[in-house]
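Before I ask anything, here is the structure I am working with.
Naming follows writing order (A, B and C), and every chain is counted from residue 1.
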């Protein structure tokens, strides 16, 4: 479970960027054919299973909404010119807009137009999932150029009984204990918020599928909020298997890594991510849980309370491009995507290898020298460097401390301690604590 | 239980300042008619109950002392001029001085004179409660002007079997659990150390008496040390009812707030005061408990160990005017008194409203939108602000977390969370945890 | 158990420096006559018991090595001149070198020569205990002057079955609970790393031998690593008696004090040393345990896990002179040795006196005034200073808090609290908690 060389990392970044590019044009929503097309496209990479849940199904306190589909939308001015055109960008229509075919004055129309005055070139992203309404989004610059007169408005959409779709991929490990990787796949042409997480989950799933693993890994591609609620409702008898989890989102931009802890705050996933980031050599930020953000809101609701954190670069709502047309293919870069892949994989590697060991020679140190594990010439001042991971693992392998505990206490990298543990296992000085 | 508008705050400050002005001239001590007169005067504001404990009564390791009363005192020089006169300031006589009528040389007299050389204009405050002695206090400037010659000394006091007096006022709440508010009322003409606490306790008591409360509130007006010991001795079977408490002292000066924690250090009262001060927008200081100070010494003795902290502005002994004639009516100001009232009341409100709740829909978030509790248009960047208190209360209302816990963890103001909890209660999404 | 005046401290420093001077010339190793001679010399100060463990004895995972002795060693150049001479410094021979008598070229010889290019005037200290080999150490300056030609090499040593020696001294206290003081005595002419610890342990042992103590104190003078392993192996049924312990090393140089905590990290010894250093008025550093260093590696191995820390000035490997000829009689000074003695003794005093007490008058404060323990004149601003230790001891003597706890919480010096506790004991206000 490693991926070390530079070339393969570059390839991964390109692969992720390609996935984002393929998915970008699709008009996704929390239901409908855009979401289905997205899951289908991912099936080129991983054998995703798709689920369809009918409109009206009660999922905890919620109800699966009507399915929304859209074919076209535009606004024409009195000269018959399209001043807003859904075919140019699916952000132009407020997501989940009901069908409209009408003529109206500019004053009337303006009640349904949304812009970003602070970023006059950008088109905002707006939704109206749970409130039957309609609207258009456009740049503030374009809004200012609309002249008085009658406008023709068309939204050729449908909002009818149908299904909510989501995708799921399960990588079988040697135990039934699971790691949950969740990303939302319901946003239309937005790259960082949405597609970067989708692409990262996809390549992680593809990569893990080739490995021999301790944990089983479950990847879910869901519409935000209603999707995680639906998934939890359908799997409520299975969620006790989930030992760790991550929500992946906003992972393609240039920002530093941001990790938002699970509600528990001291879960192994929280400590694992912090450990990996601490040794990453890059700037990062760790935040306590709060009940606002992405699907961790549902995973960390009080009756669910799973150890699921949220892994991002620039987080939710804290970059100007968030939920605007500027969150586009220029905003995410292959190098950042690749870096996000490496860190995520390091976290999963850490979890998969985080065992407790028992020192089989706990009374004083074992004589490492006679096993070739200790420098032969005493009295040097710097000879201890390579021996330190061995000594730390021996010292703290009392069945109480995991390798992560030892890494945190010693300040040594997890992988160096893992290699030391493997060496000590080979020499019969250590055993894995059963059940750890 | 609120007091928000500016005018009523100003009125409260004036009312407190008026009480201090009325009490200022009285020569109080730990026993005697000055203390009785003080309690009587307070009865104009609240229906104080007065207790009298006879001299000689054993109270734990202590004994109620003889009652001290004083009518007059002076020192005349050889020309018959009064060079020190009790009628001008009751600080001139060492409190609890035995009766004296004598003539003596300046050299002899000086053994009984106390001044403050570092503050030559000020008269110190001195006591000799448990050591039968006598003395006079004067400004250092006046001392330097005393000429050799014979002086006539008169202290027309009495130190005889009598009683120790204290006052008590109980505000009945819906439970028998009590909040104790304690202030000492034994100092003569000193405003900040003593009368500010007395005035604050009085107006708090008056205010709470008009409200519907969960806790019962017990206000005691006692002589320092011997008074709290006496009260604890008389009520030792009742003190288990006391769930929280504050000693109020030094609350009229311009200094920042200072809170000294209870001996327990993590009591709810400690956390409540810190929470209120943190959100006050003003500078403040929180200190760990130490066994020196005011009556919290007794409340926090190891066999009593009540959760009682001490709330002050400039604390005990840390302002130059402390225990001098400069702690006068100019040193305390209505605005500071009113501010102290507001903060104290916020602390009591917090305690009274600090319940634990149970989220009745703990599996995922409830759909707030269908109840009108969530913005209808998705995709805005700042829409979460008003929803946050609702989300925090829902997320942490697992029966483990009180509103104070939620405030501390979220950083949100207690009152915003209280409003959110009330809203959720109205919508049937929450219930109060029984017994919390 | 006190040592306060300046003169006796000076004397102690001189005495320690004298011991170091006497031991300096001896060629010690982990076995052999140099170690025996060292223990014999210490017997002039304390009645040390000596133990001899035969070569080949299995001690946990280790085996007692052959005994090494050396009589002479040199290298002659082709002119017959001794270019390296063991008689001038025992550091010139790699410790545990096998016997050699040979002629060889400079190129061949150089494989066996060790220098410190960064410190060209100094001779390094090297050992080859567990790998049969040989070598010489010399200054880099001297190495550069060696000319091509044939060299005659002689090491007149023996490596044969024999014994490992160590010394032990037990000071009987009133309980069987022990404090372990350990120092290694296996280094040849090195002053700070080795002899400073030996000298400090010796004078501490001598000093404690004259006192009435609660704990019993066990001093061991052992070869590093193999010595502590051997001692632990031979005493494995006794080590539960050890309640606290210190490894003493590097205590004669000018560096600030450095304390490395025990593996437990919060043991009483850890807190005691930190408390003493905090009140020492000097700079110091406290470090968490790590499994690299001196014999604490063995005492803190997971199956032993004794509360033993390591007390040093400049620590292990962190001063340039470490394990070189520059760690000589100029590098350690009597004043630093005396200071190390004072701090160590303070730590042992603290442990010996660290009892829990029970306040016999826990309901409110006792009336200290009637016992002459409180100022008689109330109202002074600074009168509390001398009373504070009394009040703290009374307040926290609930059977839960030791004097060390009270010192840590109050910030007051341990000795002031000890005096206060003694005073309160005399007045019947306190008793020692049985078994504390």
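Just so we're on the same page, a contact is a pair of C-beta atoms (placed from the backbone, for glycine too) under 8 Å apart; a residue touches a chain by one contact, two chains touch by 3 or more.
Source: prediction; values computed, not measured.
S.K.: Name the shape of the chain contact graph, picking from line, ring, star, complete and other.
M.R.: Its topology is that of a complete graph.
S.K.: List the interface residue numbers of chain B and of chain C, divide the shared ones by all numbers used, and answer same when the ratio is over half, different when under half.
M.R.: On the two sides of the chain C and chain B interface, the residue numbers are mostly different, under half being shared.
S.K.: Centre to centre, by mean C-alpha position, how many angstrom separate chain A and chain C?
M.R.: Each chain reduced to its C-alpha mean, chain A and chain C end up 54 Å apart.
S.K.: Could you give the separation in Å between the centres of chain B and chain C, each centre being the mean of its C-alpha atoms?
M.R.: 54
S.K.: What parts of chain B, by residue number, touch at least two of the other chains?
M.R.: none
S.K.: What residues on chain A touch chain B, complex-wise?
M.R.: Chain A residues touching chain B: 60-62, 95, 124-131, 133, 225, 228-229, 232-233, 236, 263, 288, 290-292, 297-298, 300-305, 317, 322-323.
S.K.: Considering only the defined contacts, which chain B positions touch chain A in the complex?
M.R.: Contact set of chain B toward chain A: 359, 361-367, 369-370, 376-382, 384, 387-388, 391-392, 394-398, 409-410.
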